[in-house]
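The first chain written gets the first letter, and so on, giving A, B, C and D; residue counts start at 1 in each chain.
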């Protein structure tokens, strides 16, 4: 993927006598668009949400990657960053939010709580021990709470993942190539 | 997005909307069921528990050293003050006192926490009222404080720095210079804050006279912190029941009598200046000495009940430990400021517009994990 | 580039017309083909325009908010909006089960089509206009008010209470602010004596109305900017979508392409009101002329007319964008108070002054 | 008022109240039956005027429940703790104090939710933090949750 990353646009210029022809693969195009336009849902339950806000601020500035269009309605979001503990009462709501999002949709589990329950793993009666019990997760970020850079890294990792998808059929994996 | 997409059939002509659990203005996962008459709110019913993490139950099985970390996640914007409250309670049980150096460091960190919390609140108030830009200006200074936090205790948000008997480590050698430097910057930016939001006509219209809370109601609802002080109720624990040497410091308790959202806003703005004043008094006078009193490896509190109040950025936090003499608390109760402040919400917002509800919630400054615990 | 800008657009149009007339030899067919060309070129113009406006919005926001803004996708982040658009087009378009499906799907189209229709009488450059109809101003103010039907339709058919509230707010808002916009447009019509866009532009040959018309025109320009910001539902008047109150207002349930259409309409509307403001108050494509300073006027004429037009339009767009990132949002009753108690009486009195001024010939 | 003065004043009104002074605050031990009369006196009598209830909670002592009310007077600046022992573990009940202190409303709902204590005449006694259908009362010492992982 190193080549496509450097490229401004996922296309190649074929030189001809009077100019050139731009050739591109549909898959590359789609993946390029999808990976560069991840609009997160405004969703934060606890401490990690503050670090998510920090990622949006001027110092970390996730708008550089085009992530700043945070949508309040799941209908227009591509990505749900589960920032904070999910408890039993919240789990159905989260599931519902995920269902309300249109495809393609991605999930980032931010923080220890969403990975396993984190600090609230032992002796708690109301915490969901890992958000992947409720919705499928694409990228996990450890930390309690993770630093904003970690969130940016996760989002860039997600971009990498999206670049391996195919519009029709299965994902481009190492074996399937 | 409402929890229930489909209109609810209640009584004829009733229009009920569900604000939350996922909603930009609830600052977390509060769920408000709002009965509307056009745009006017007839009734509000808060539904809590969407982030109820059973911290109280969990703490019953943790040692007196370990239960403190969970409190950082309660009111994560005043994480250090929560830790301090727990440490103070345990110290009260052990009948020891932190050394003067530890106390000074605790106060400095607490005031830095309060400052950063109020900065975040200021940004989010602007955001809630539709002005996005203040958020970025607030976070610019907040990040500077976060860097100090990180340098001092390794974490940006959930510090876990106070331990029974003092603080976990001594401060970084660079601490004093850095704090002084940041304070200079923060002070110069207050004017910018006021220009950006305080004097704005639309902002004043949105907040003045909105969400009135009388002094009697504030006391009766158990409101504390800036929410109550804006109604003219004196309730600053730092003045009423000083801890960690707050009585030796010169600062004012900001009390205003407007009782509306604008007054709550002004109280917080003034409190930021007071915090800076406290930090400036103390930063050059950190006493030398130990940063931690000697405590046993396994702390066991004597049989009895211990209650400690502190002033967080949002009001009075009470830690109530019931001990049966074992190595972990028998029962622990956190009297959280937001819980009581939230209970006044429906009283304040009834009769207001939906837009006012957002303004009221913004100026109460709710942190939902602190409500649910 | 410079060559392209200095070509007379009327000669291009005449050229195309002669060529078509020569090949087709059927007047009806020629007319239809010309219409198609005009429509397609408009669409081809709109897409990059909206890309640019979207990019500009995010960069202006970043500028106001001490950030960098998009800078990874393409040179300086310029392809960010392209990526967003492709993504939105390929995203699943959900239609809620309980919604009124026909109206739900129709609403975004109405909103987009009405905003595109308003483009017709706008003069982009000298002799470059799709349709210079004799009632240009009236056409603009009447067609633009159809958009509210689309918004109401969207809000009602979504079967979502936030949408409904947003649509109702928007209805009240647009209908009210229509009056102020209309009255401020009328003040220029009074001064010009014509509803035709080209006449209005030509009347500013010896100076723009904002300079010639003294304080009354300045007042109506300010009112126009405020009221039209409200009419296109932009902050601080974005009560119809009010993110912090109604999540996304009338388009809460829209996703994918249908949502993209609302975004498209928002940007086209932004461009259209700024273009109309520029045409009526700042002389449209007319260069900056001062009375009888022939030499100065002649130098100004060297700058292409399209640059003048777009320069003025984008100046107004920039102001409206700055509003968005500066002010808090108004409450719904304050919004209506502002219109009915302040803007409308002021603009009514102002029209009176303008009329007196026009009759007495007190303007330059 | 000092603790001694409060004691004499309360004893004059309610002779059956006993006291416990081992803790930080003066503690009044009362029975659930007299809670409303005691609390009303503490709230409305001008000599006490405990207008601010800063904490309300419950402790499960396995053999009984102990309701704990922390009170503060904003005018006189004195603190007091009132404890009411609920002996019936199977059907714990106590009168509500919602109308005296409005903050009691949410706090009592929380106690109902986590301890299962019924507050009689409470205007809106529903579960506050947990789902309506939650089985059991988690802060009781005998609460068993199979999914709970113990250290």
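One rule holds in what follows: contacts are C-beta pairs under 8 Å (C-beta built on N, C-alpha and C of every residue); 3 or more make two chains touch, one makes a residue touch a chain.
Predicted, not measured: the structure shown is a model, and the values here were computed from it.
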item: Chain pair with the higher count of C-beta pairs in contact (A-B, A-D); value: A-B
item: Geometric centre distance via CA averages, chain D-chain A, whole Å; value: 48
item: Rounded Å distance, chain A centre to chain B centre (Cα mean); value: 31
item: Centre-of-Cα separation between chain C and chain B, whole angstrom; value: 45
item: Rounded Å distance, chain B centre to chain D centre (Cα mean); value: 25
item: Residues within chain A bordering two or more other chains; value: 58, 72-73, 75, 89, 100, 122-126
item: Chain B residues counted as touching two or more neighbouring chains; value: 1, 5, 23-24, 49, 52, 54, 57, 61, 135-136, 140
item: Touching two or more other chains - residues of chain C; value: 65-67, 243-244, 247, 252
item: Chain contact graph, described as a line, ring, star, complete graph or other shape; value: other
item: Pairs of chains satisfying the touch condition; value: A-B, A-C, A-D, B-C, B-D
item: Of chain D, residues touching chain A in the complex; value: 129-131, 138, 143, 145, 147-151
item: Touch list for chain B against partner chain A, complex; value: 1, 3, 5, 21-24, 28-29, 49-55, 57-58, 60-62, 69-70, 72-73, 76-77, 120, 135-136, 139-140, 142-143, 146, 156-158, 368-369
item: Interfacial residue positions of chain C with respect to chain A in the complex; value: 58, 62, 65-75, 77, 79-80, 82-88, 90-94, 243-244, 247-248, 251-256, 259
item: Interfacial residue positions of chain B with respect to chain D in the complex; value: 48-49, 52, 54, 56-57, 61, 92, 217, 219-222, 224, 233-235, 240, 304-307, 309, 316, 318, 320, 322, 330-331, 333, 335, 339-340, 342-344, 347, 372
item: Chain D - residues contacting chain B, complex; value: 22-25, 51-55, 57, 59-60, 68, 70, 74, 77, 101-103, 105-107, 110, 114, 127-131, 138-139, 150-151
